[in-house]
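Look for chain A in each of the two complexes below; its partner is chain B in the first and chain C in the second.
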Partner chain A sequence: MKLYWQIAKNTWDQAVAYRASFVIYRLRNILWVLTLYFLWIVVLPENTTLFGYNRAQIITYVLGTSLLSSVVLATRSQDIASDINEGNLSNFLLRPMGFFRYHFARDLGDKAMNISFAVVEIAVLFFFLRPPLFLQTNLFILFLTLLAIAVGVVLFFFFGVLLGLIGFWSNETWGPRFIFYQLLTFFAGNLFPLDILPKQVFRFIELLPFPYLLYFPMKVYLGQLAPLAVYKGISIAVVWVFLMYGITRFVWLKGLRVYTAQGR
Partner chain B sequence: MKKYISLWLTMTSRITQIAFASRFGVVFFTLGKVIRFLFFLIFLVLIVSKTKSLAGYTLWQVILFFVTFNIIDIVTQFFLREVYRFRSYIVSGSFDYMLTKPLSPLFRSLFGGSDILDLITLVPLLGFLFYVLNQIGGITIAGVVLYVLLLINAFVIALAFHIFVLGLGVIITEVDNAIWIYREMTALGRVPIAVYREPISWILTFILPVAAMITFPVQAVLGILSWTGVLLAFVFSGIFLLASLRFWRYALRQYSSASS
Partner chain C sequence: MPIISVTNLSKHYSVYKKPPGFLGTVQSLVTRKYEVVRAVDAISFNIDEGELVGFIGPNGAGKTTTLKCLSGLLYPTSGKVSVLGFTPFDRKAAFLKQIALIMGQKNQLWWDLPAIETFLLNKEIYDIEQKRFDTIVHDLASLLDANEFLQVPVRKLSLGQRMKMELIASLIHNPKVMFLDEPTIGLDVVMQKNIREFLKEYNRKYKATIILTSHYMGDVEELCKRVIIINFGKILYDGLLSDLVKKHAPYKLISVVLKEYVDPKTLEGIGELRKFSFPEWIVRVKQNKSNETAAKILKHFPVEDITIEDPAIEDVIREVFSQPDKR
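Presenting the complex of A and B:
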C-alpha cells in the first residue's frame, strides 16, 4: 500500500514540475465551462424550466460535470502506449508490482492534482458569477452520488488502460484516443444532460458505459432519479466495470505475448 | 513571391506525404474532427430549436456562427501548423539552420508545415456553409463579399497571433500553451458573442479579437454589421499584424542560439 501511495505522490510531483502546462490545461477547461455556462444562462431565464431542468439544476449540472471530469476523467494512462512503444515496459515488468495497481495509483495522483485545481476554479467562478446552484442536503443521496462516482472512476480507468494497450500493436495510439474523447464528451454527458435527447436515443445511450462516468452521478446528486433507477444505474455500471476488467486483462495478456521490447 | 509560393508547395507536398504514411492516424484524426463538429452541432440544434432563438439569433444563424468558427479554425491550422513544431526547433538548435538559409525564417516558421489533414474537412464544411446560407435566405452578393473579406481579415489576425507566439518561443521557448490559449479563446466564438455577459462580451469585442474574427463576418453576411464594425475589424488586424512583426524582430535580436 505504501508503495502505491508513493507512486500516486510521484505523479502529483510530476504534475507540479510541469506547472505551466497543467495550468493552461485547466485554463482551457475554464473557458469551456464558461461557454456552456453562459449558453445555458441565456437559453434558460430565471424561473423557467427547459427539458425538465430549472436554471439552478442546469448550472449545477454544468459546473458539477466540470468538477466531476477532474475526478473521473483525469488519467495518466496515455503514458502506457509510449512505455510499450519505447520499450520502457520492460523495466516495469522486472519490478515487483502489479501493472493495473501501478497505473491506478498514478491515476489517483493525477486526479488529486486535478481536483485541487478544479475546486479552486469552481470557487473563483462562484465568486465572480454567483451562479444559482442546487445544493443536495440528503445524506443518503450524497452517499449514492459518491458511490456512483467511485464506480465511474474504476470504469474509466479500464478504458484508459485499454486505449494505452493499443501500443502493443500500433505506434499510432493518439488517433483512437482522440476519437474516444470526442465520443466521451457527448455520450458521458459532458456537453449537456443526456435526458434532453429524444427518448429512444437516450434509452440506447443508457445501455452504454459512458453515461455512468459523468451524467449518471450528476443525476443522482440532483435527486432527479427514483431509488429504483439509481440502483439500476449503479448495477449497470458495475456490470460494465467487470466486463471492462475482463476485456482489459485479456488484451494485456495477449499484448504481452507480442511485446518485443522494441526500442530498448 | 513566386519563389515563396513554389517553396510552400514543395514543403506542403513533403508534409502531406509524411502525414499519409500513417493512414491509420489520418482516418482517426479526420473522423474525430467530424464527430466533434457533429456533436456540438447536435447540441446547438437541440437547445435552439427548443428556445427558437439564442441571443436574438435564429437556429440557422447560430449554426452560421459555429460553421464560421470552424472554417477559420481549419484554415488557420492548415496554413500555420508549423508553429506547433517551433519549440522543438528552438530547443534543439535547429532554428540556427533556418537563419542561415536564403529564406525568411518567419516564413519558414509559419508556413513550413502546412498539414493537408487539416484541410480534408474543409470541403464538406464549405458545402454545409452554402446550405446554411441558403436556409437563412436574403443573403446579398455584397454581404458574401464582405463575409469573405472579413474571413481573410480573421486569418490575418490569427497570423499575427501566431507571429506573437513564435516571438515568445524565441525568447522563452514557450509555444504550445500560448497556442492553446489562442485556440480556446477563439473557441468562445463558436456561439454569438452576445451570449456572454458583460464584461466578457466587451472584452471579446474590444480587447480580444474574437468578435472581429468570427462575429463580424457573420453579422456582415446577415447584413447587420455597421460600417464602423467593418472598419474596426480591419484597423484591428492591421495594428495587430504590425505589432506582431515588430515583436518578432525584437525577439530575433534577443535570440542567443543557446541550444546549438
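Presenting the complex of A and C:
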C-alpha cells in the first residue's frame, strides 16, 4: 500500500515540476467552464425551466461536471503509449509490481493534483459570479454520488489504459485518444445533461459506458433519479467495469508478447 | 546446477522497411514489406553461480536481445530460458526481486525528480527495511562518490552522475543476478575504473552472477574470465578469455627498436611484417616460433631493445568478428 502511495506522491511532485504547463492546462479548464456558464445563463433566464431543469440545477450541472471531469477524467495513462514505444516500459517490467495498480496509483496522484486546483478555481468563480447552485443535503444521496463517481473513476481508468496499450502495435496513439475524448465530450454529458436528448437516443446512450463517467454521477447528485434508476445505472456501470477490465487485461497480455523493448 | 541455462533460444523481429522519400511514405501506407530479422538464432549456454561473464559482439549482434530475454522483457520466439529456476517471461515477483538489468543508455529514474525519490520508490517496490535501505544507499553512494547528487533533479545531472544514480537505483535490492548492458558507456576513465572495481567487489562479496556486455575491451579484460562472443545472432566462441587468444590468435608480436638503419629488404623472411618505420619494427610470428625468431633478430640485427607481446585483445576479437555471416 505504501508503495502505491509513493507512486501517487511522485506523480503529484512531477506535475508540480512543470508548474507553468499545469497552470495553462487548468486555465483552459476555467475558460471552458466560463463559456458553458455564460451560455446557460443566457439560454435560461431566471425563474424559467428548460427540459425540466431550472437555472440552479443547470448551473450546478455545468460546474459540477467540470469539477467531476477533474476527478474522473484526470489521468496519466497517455504516458503508457510513449513508455511502450520508447522502451521505458522495461523499467516497469523489470520490477515486481502490478501494472494496473501502478498506473491506477499514478492516476490517483494526478487526480489529487487536479482536484485541489479545481476546488480553488470553482471557489474563486463562485466568489465572483455568485451563481445559483443546488446543494444536495441528503446524506444517502451524497453517498450514492460518491459511489457513482468511484465506479466512473475505475471505468475511465480502463479506457485510458486500453488507449495507451495501442502503443504495442502502433506509434500513433494520439489519434484514437483524441477521437475518444471527442466522443466523451458528447456522450459523457460534458456539454449538456444527456436526458434533454430525444428519448430513444437517450435510451441507447444509457447502455454505453460513457454516461457513467460524468452525466450519471451528476444526475445522482441532483437527486433527480429514482432509487431504482440509481441502482440500475450503477449496475450497468459495474458490468462495463468488468468487461473493460477483461478486455484491457487480454490486450495487455497480448501486447507483452509483441513488446520489443526498443530504444534501449 | 547452472543458475542460468539457455537452450536453443531464438528471437525474431519482424521489421518493416519504408522506401525513401514521399512516394515511399505513401506506398508504405498501402502495403508494407515486412522482413524477419533473426536477432538471436538458436543459441545455448549455461552459466554457474558467481560467474562473471563477458558478452561481446559488434553492434546488432544480438547481445542486448539476449539480455532482454534473460530478464523477462521479451517473449522468446522459440527455445528455453531458465534463470534461477524461473522462466523469465513469467515475471514472477520472486524472480524479479533477485535480478537487475542495467542499461547504460536509458534510465529508470524519474526524470523530473531527485534520484532519492526513485530510490525510495524502489525501496517500497522491493520491500526493503528502512535500516537496510539507509546502509545500502550510503554504501553505494560513497563507493561511487555520489552523495551530493542524491537530492538534485535527475534532468539536471550530467551523464556520469546519472549513471551512478542508475547503478544505485538498480542495486538497492541486492540482486543475485545482474545483466549489465554497456555499464561504462560515456564515462570517463576514472569512473570506468571505479565501476569496474565496484562490480568486481560486488561479484566477490555477494557471489552475484554477472553478465556484462561492453564495447570497451578494458571492461571485459579486467572483469571476465569467461567470454561469450556472439555475432549475427549466433555464438562464435564460448570459453576462457585466455583460451580465445590461444585459439584465434596463436601468434605473438615482436617489437624491435633498431640502433641503426637497415635496408627493409633484409627484413624479409623473418615473421610477418606488421610495421616498419625506423627505428621501430614490428613482426608477427607463430606462438611457438617467438623465441627462435627473437634470437635470430638479436643475432643478425643491431638491436637497441626487443619485446615479445601477446596481440591486443581488440585485435583478436576483430579477427573473430571478421568471419563472414554464415546465416
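By our rule, the second predicted complex is superposed on the first by the 264 of 264 C-alpha atoms of A that agree within 3 Å, B and C clash if a C-alpha of one lies under 4 Å from a C-alpha of the other, contacts with A are read in each partner's own complex, and residues count from 1 in each chain.
The rule we apply is simple: a residue touches a chain if its C-beta (ideal position, glycine included) is under 8 Å from a C-beta of that chain, and two chains touch if they have at least 3 such contacts.
Given the structure is predicted, the values throughout are model-derived calculations rather than measurements.
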Following superposition onto chain A, is the placement of chain B relative to chain C best described as a clash or a fit? fit
Looking at the overlay, does A:Asn10 come into contact with chain B only (first), chain C only (second), both, or neither? second
Tell me which partner A:Leu207 touches in the superposition: chain B (first), chain C (second), both or neither. neither
Per-residue contact with chain A, leading partner among chain C and chain B: B
Counting only touches as set out at the top, which of chain B and chain C does A:Leu139 meet: first, second, both, neither? neither
So, A:Met97: does it touch chain B (first), chain C (second), both, or neither? second
So, does A:Gly175 touch the first partner chain B, the second partner chain C, both, or neither? first
Given the superposition on chain A, what is the angle at the CA centre of chain A with arms to the CA centres of chain B and chain C, as a multiple of 10 degrees? 90
Shortest Cα gap between chain B and chain C in the overlay, whole Å, is 5
Can you list the residues of chain A that meet both chain B and chain C? none
Which residues of chain A touch chain C once you look at their complex with the stated criterion? 2-3, 6-7, 10, 13-14, 17-18, 87-88, 90-91, 93-97, 256-261, 263-264
Residues of chain B that touch chain A when the two form their complex: 22, 24-25, 27-29, 31-32, 35-36, 39-40, 42-43, 46-48, 50-51, 54-55, 174, 176-177, 180-181, 184-185, 187-188, 190-191, 195-197, 200
In their shared complex, at which residues does chain C touch chain A? 13, 64, 68, 71-75, 91, 93, 96-97, 99-101, 103, 105-108, 110, 112-113, 117, 120-122, 124-126, 153, 181
Flag every residue of chain A that touches chain B in the complex, lowest number first. 20-21, 24-25, 27-28, 31-32, 34-35, 38-39, 41-43, 50-51, 170-172, 174-176, 178-179, 181-183, 185-186, 191-192, 196-197
